[in-house]
Amino acid sequence: MEKLFLRGSEALALGAIDAGLKFYAGYPITPQNDIPEFLSRELPKVGGKFIQAESEVASINMLLGASACGIRVMTSSSSPGISLMQEGISYLAGSELPAVIVNVTRWGPGLGGIGASQGDYYQATKGGGHGDYFTPVFSPFSVQEMYDLIIKAFDVADRYRTPVIFLSDVMVSLMKEPVERKFASGVNLPEKLWAFGEQKGEKQKIIKSLYLKGHDLEHHNWKLYKRFQEIKEKEILVDKYMCDDADTIIVAFGMVARIARTTVDIARESGIKLGLFRPVTLVPYPEDDLEKLAEKCNKYLVAEMNTGQMLYDVKRILGKSVNIGFYGKPSSYAPTPEELLNKVKELYL
Amino acid sequence: MSFKNSHFYKDFVFAGFGGQGILISGTLLCYAALKEGKEVTFFPSYGVEMRGGAANCYVVISDKKIGSPIPSTPEYAIIMSSPALDRFQNVVKKGGVLFINDDIVQKEDVVRDDVNKLFISANKISNDVVGNDKLANMVILGYVAAMADVVQVQSLIASIKDVVSEKHKRFIPLNEKAIIAGAEHYNSSKGD
Amino acid sequence: MKMIYKKPDVLKDVAFHFCPGCNHGNAHKLVAETISELGIQDNCIAVIGVGCGVFLYDYIDVDSLEAPHGRGLAVATGVKRARPERIVFTYQGDGDLAAIGMAETVHAANRGENLTVIFINNTIYGMTGGQMAPTTLLGQIATTAPYGREFQRDGYPIRMAEMLATLEGVAYSTRVAFTTPKQIIDAKKAIKKAFEMQINNMGFSFVEVLSACPTNWNMQPLEALKRVAEEMIPFFPLGTFKERSISDVL
Amino acid sequence: MTKNKKLVINFNRCKGCQLCVSFCNKKALALGKKINKLGYRCIVLENEDACVSCGLCAEICPDAVIEVWRI
Amino acid sequence: MEKLFLRGSEALALGAIDAGLKFYAGYPITPQNDIPEFLSRELPKVGGKFIQAESEVASINMLLGASACGIRVMTSSSSPGISLMQEGISYLAGSELPAVIVNVTRWGPGLGGIGASQGDYYQATKGGGHGDYFTPVFSPFSVQEMYDLIIKAFDVADRYRTPVIFLSDVMVSLMKEPVERKFASGVNLPEKLWAFGEQKGEKQKIIKSLYLKGHDLEHHNWKLYKRFQEIKEKEILVDKYMCDDADTIIVAFGMVARIARTTVDIARESGIKLGLFRPVTLVPYPEDDLEKLAEKCNKYLVAEMNTGQMLYDVKRILGKSVNIGFYGKPSSYAPTPEELLNKVKELYL
Amino acid sequence: MKMIYKKPDVLKDVAFHFCPGCNHGNAHKLVAETISELGIQDNCIAVIGVGCGVFLYDYIDVDSLEAPHGRGLAVATGVKRARPERIVFTYQGDGDLAAIGMAETVHAANRGENLTVIFINNTIYGMTGGQMAPTTLLGQIATTAPYGREFQRDGYPIRMAEMLATLEGVAYSTRVAFTTPKQIIDAKKAIKKAFEMQINNMGFSFVEVLSACPTNWNMQPLEALKRVAEEMIPFFPLGTFKERSISDVL
Amino acid sequence: MSFKNSHFYKDFVFAGFGGQGILISGTLLCYAALKEGKEVTFFPSYGVEMRGGAANCYVVISDKKIGSPIPSTPEYAIIMSSPALDRFQNVVKKGGVLFINDDIVQKEDVVRDDVNKLFISANKISNDVVGNDKLANMVILGYVAAMADVVQVQSLIASIKDVVSEKHKRFIPLNEKAIIAGAEHYNSSKGD
Amino acid sequence: MTKNKKLVINFNRCKGCQLCVSFCNKKALALGKKINKLGYRCIVLENEDACVSCGLCAEICPDAVIEVWRI
């Protein structure tokens, strides 16, 4: 199949369309505008609805309405806009409505800056919204993955009736790379019997998140919890590079992991046994995979474009018996492969 | 990058004003490299950077999977404006190459002396071969391709159709001319 | 024997949770009657704002979706665009629609979304216990305006039906109340017309319902209804501020 | 459910708000003594003869308590 | 001094006034309405401004404006409302503006329910807003602490120029208890030279969070990070009950800790050596204190009114060499002392 | 020699980052001139929305606060209530003020906050690259309306100056442009009046500035200014929609 | 709670309709206990629970620091309405006490048989001593205080001033009467 | 900074938008040839004699490039 040469954002938007996206609502924000721009052009051609909402708050709530009708829905924004969506995301989770929320991250706190960032790991993985819930989080590191994982994100959203966060950044979103188009989505998914169809069914359908009577709320929360356990069992994605014989392993996600791949290559050339562990799903986190590494390797470097967020998950998972170093760069200038290698050398060589 | 030349890896920044075709020349280089079976990444400027007319893009070409699409110290910089010079002359890798359109940029503003500085009167050449200065970008690109030994000029020419829109199809031959003129300019100046 | 009044079937056989004399009940009844009479029970989707009306789905037997507080019209926009063949209405209080939801309200109205809005204006936050609403009258005491609403500090009561009527996207904007038999009949007609407008794809239809909240006004039900007549209606005049005819649309 | 000829009053739904009383021009209604499940005294049709089955009481009743029949 | 018999919310509002609160903006939401109701009555009497905003988004942004003028500012809300404030909180953090944000938690996700909850631990402690920042978090468990800690919260906010989250719940907020009034606030705080005064100073003052040039953003982020390290050193509050000789320790915060205190009492009566570890500041977390316990005690029970949030911090801090059990109740019905004791027995006896 | 025009001192001596022909520059100049002439530089606080005007503090030498996108009027409310003695103005784009900020705008206006608003209506999202704004004209092409704005899908362009004029709290609402010398003079007068109203504690004053965005309109500067005259002004008429006199207030 | 009687601990729920003075009687009990040097917590119903007129509150009194202010199985329940009975009769602790105002609640609706059920015609007694049934709450409170041995009736009476507002001061003597009547009613019925 | 008798033109601030040109009734202004630091060709007072120091060019200039003096 001929490959296309696409921006990450285009690949994502195309992937969404290939996954059967039928409703998009969003509000402009740098650096993700080419997603709505692409979809405003292309979505109507496949019978989908594109709407520019008056705000991010309105966007996420339009998704709530459209998702209740059983169609595939998506929004995209960047960090401050995602903060504004937290109430809505929490409602989607509470109402058990599937939706894909794309965050092409930029900097905070506040207006911050528009460069590449991993400052939103916590918000995405620990629930920026109120209440006791998790949303699956995907973290792509190539234009191909922008395409592949967005399709996966829709499937996971539908299968588990949950909002899904797609955590990309401006590097992977604006860069161009060759992409292969695959169209594989929606296999073996349950029918959306809970959704509003063309007509009322025999029984009234009520989609809500308010549970006031007796122990309903507790049951509801446990139900969501159990569903999340199932996601944990079935939907983890992980990418290990040269970990088998590694005596030092870099743990990184997204574009930092991609840069670290080069670090591993350079290191290997000079005989340093470096490996790379990359969670592709940040939620659920590939905990068991990471834990297993500790059987053979006891030196780690967590690298992030922030002052340390995933670091704390890694510490929890690996425990205190291994060495865990950290290289943080809360900057729009991504670390270079050499910077990472230098840190590895400084810590362990 | 420091792959000790064990494999093919080249990184570029193209920088100038909007309207100079900066992004197009970068993209064209990518397509040409793709044709030659390379791994390629392209990364454009965006957002508020664009106000005031700045435009730039990074291109990385390699025979292995590429790490960062935004090289911190690119080896090659194509400079088409004074602000672009201000911003990028200091990031070019030691021993790298600055390609400077000296029809626009003052030679004396170039201060680096640990890089290879190549001055091209791209506007003039464009004027000479196509009758206006609008294809200065293609002139430089031809020059770069020849000098940096990154893609065949033929691959560039074969890829023009991938980057011009339908309604500009008729300009393909002019672009071709400009690229060739740039490449020839390099080849003829090599002896210098 | 001739039946003069009977609750419509669409209204389930359960007691409302509303306080005695609360006009939310009247609004529920009229909406249910309208849905019955227009035969649209199977088409209807209710988008319910957060306020004392939040349990509408317990009483009116139509497919229902709970919207976050204030976001009813964004949610309904999503519903209607996803299912244009269905009849979608929101049911929202004045805190919901006119305070926190102002942006969503104005923009949905301005887009001319083909939706029907039942807007319960009781000059107060009912559900949360009597705080000041954007519609609270000057001088009116609320739990967060213990010395009475004051223009300089709290602003002027907003007349939503009038404000929305100025927007191009709005097909119908009207205000009704329940203080006399005639008003009840008019209210019923207005609600019915609002739904009919949607059925005819005419755009945004908006019915503001002046409503008593005896509990938070600290009044007996009768007193409260009297307040609607004597204090609210003079400030929030009844009547239709905009009505587009089919020919305007075609 | 209290069944009369003219009015059917749903005893356990009434909240004793008396809006119906005030809407009845015929003064046919009054608050009853019995407290219902909701804790309110339910309305009664005190003067059935006066009732003209106009339906106004049912129209105003916020709680859909009353059914009206004309004989 | 005579004690007052106050609701938690009244104690908090009174504490805020005693701390010199001069600006409150908020939007009604159950179960915290008595805070704005109290302040709408009392704040004007001390020359403060009370404003009922049109939404939580407006509230937090009004705070941003008033705080920039150097006065003490506060808002209060409950879970969904706090979600809506996340962008604004992130801006406060980025703009280095002090503010106190009270969350009288209720349930989520979505509308959830209005009962007591600890579902917002993650949102409060891991940053619900975008970007790489933390906000200090206080967790009171008595009406007296509602008073004492809110005063502390204002001081910490001013000293470190940061928004502070005050994470209470409906139990501690609506219950009445005797309270002693103390008025101790604002000692040794630096003057707010950065704030807008009555007149422009010699130099233009710019309060912002956008950092676009060069490495400004990175420096700014590291500056916030370092400030947070200082908070970690100086502002941790912890409450240990009967931990010294304990062989099992319950770790809990807020009202659950309070209930667990009774559990400890009951257990001790029957000779079970139970202790209680309660973080009073959830951020910064009393990590060293907790870690030190592990030297002597290796059995823990984390108890929360959620499906497990603080649990993961405890796991990270204590590591894998001790036993960590969990009792979670994502319900408005708080666990009883007996439930907790039974869980302890089930796990460890 | 007589000085006919010189940039005011309040304007710093640095080049704007605006594109060639962008009327943001004109608006900045007039605001700076007004601040100079009224002698309020030391009193002024600028609350700056997120849009192409976000760097106002780099150009106008007054105390400045950056508001989150759309929330300028909530932020300014906080500032003014905390420092009633200072003169507070917001500077906001049409995306900022009329889309995401609609609720904050309407409510601040309705409360009659004693603030001055400079509202830059360029029918587009400038800073983010030409997406549709609430003010985008029907048929106008934007990056998110590639086939042109359509009423049914995107709603009608909002006339903010007119809508706000209907609110009781608004003291002054006017619309200006820069397409003729006379308009520039009027614009200056309007901005000055708006600040004076605040100085006189008269309430909310609002100046809508029709503004060219050559870059995102894909036009040359002259062409763009011509579009303001020929397409915008017919839809967004210049003039004053409300002006309260001191006697109304006293 | 299961403190094996090693210390003083008593918990209560008061439940009925709004307007019956439920919260006032709970608060009054608190003040009385405070006067006697006890630790006290009071927790009211709130929010949507209040629609439809329900009102209730929990009171815990102890000589030690109190844990939860919302006892899951209170020992004493004061029931002033049918819905209150529905909601609370099943939560009362086994062996605990249900105080029921049988002027409002149907005796036959009380189904628990593992608790002590005490029926008080509080409306009637109130009517008898103060001329209307508005102080039924105080009647029951007097009864409860006497029966549960939780505070001195004197402490209750001394605390009335803390719970009635300025403008209701003149009703203090009536409240006093009602409380005493309730306590006496218990004392006289004890022999039964 | 280009200094004339009537106009003072701030060379490096001009963006060559030519709004001034179109506002000048006297056709005294024209786009220059030299490119300034911002990358634009700066305006020049081509016909100083024609200039009546009316100030309109300065009023419309969005970039505060021009100072106008009357001699």
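As written, the chains take the letters A, B, C, D, E, F, G and H, and residue 1 is the first residue of each chain.
Rule of thumb we're sticking to: contacts are C-beta pairs under 8 Å (C-beta built on N, C-alpha and C of every residue); 3 or more make two chains touch, one makes a residue touch a chain.
None of these values were measured; they are calculated from a predicted model.
Trainee: Starting at subunit A, what is the smallest number of hops through touching chains needed to reach subunit F?
Mentor: Tracing touching chains, the least step count from subunit A to subunit F comes to 1.
Trainee: Tell me which chains count as touching both subunit B and subunit F.
Mentor: Where subunit B and subunit F share a partner, that partner set is A, H.
Trainee: Relative to subunit F, which chain has the most distant C-alpha mean position?
Mentor: Max centre-to-centre separation from subunit F belongs to G.
Trainee: Which chains share more C-beta contacts than any other pair?
Mentor: Chains joined by the most C-beta contact pairs: A-E.
Trainee: With chain centres taken as the means of their Cα atoms, state the distance from subunit B to subunit C in Å.
Mentor: Here the centre of subunit C sits 63 Å away from the centre of subunit B.
Trainee: Roughly how far is subunit C from subunit D, centre to centre by C-alpha average, rounded to an integer in Å?
Mentor: 26
Trainee: Distance between subunit E and subunit G based on Cα centroids, please, to the nearest Å.
Mentor: Roughly 34 Å separates the two chain centres.
Trainee: Between subunit B and subunit E, what is the separation of their C-alpha centroids in Å?
Mentor: That gives a centre separation of 55 Å.
Trainee: If a residue has to touch 2 or more other chains to count, which residues of subunit B qualify?
Mentor: 47-48, 52-53
Trainee: Could you tell me which residues belong to subunit D and also touch two or more other chains?
Mentor: Each of 38 in subunit D touches at least two other chains.
Trainee: Among all residues of subunit F, which ones touch two or more of the remaining chains?
Mentor: Residues 18-19, 54, 66, 68, 99-100, 102-103, 107, 127-129, 134, 153-154 of subunit F each touch two or more of the other chains.
Trainee: Would you mind writing out the residues of subunit H in touch with subunit B in their complex?
Mentor: The contact residues of subunit H facing subunit B are 35, 37-39.
Trainee: Report the residues of subunit D in contact with subunit C in the complex, numbered from low to high.
Mentor: Residues in contact with subunit C: 12-13, 15-19, 22-23, 38, 40, 53-56, 58-64, 66-71.
Trainee: Using the touch definition from the top, list the residues of subunit G that touch subunit E in their complex.
Mentor: Touching subunit E: residues 1-4, 6, 27, 30-31, 34, 40-44, 46-48, 64-73, 162 of subunit G.
Trainee: Which stretch or stretches of subunit F touch subunit E in the complex?
Mentor: Counting only subunit F, the residues touching subunit E are 41-45, 47, 54, 57, 61-68, 71, 74-83, 85-86, 103-104, 107.
Trainee: Show me the residue ranges of subunit F that touch subunit C in the complex, using the header's touch definition.
Mentor: 99-103, 106-107, 110-112, 134, 151-156, 158, 162-163, 166-169
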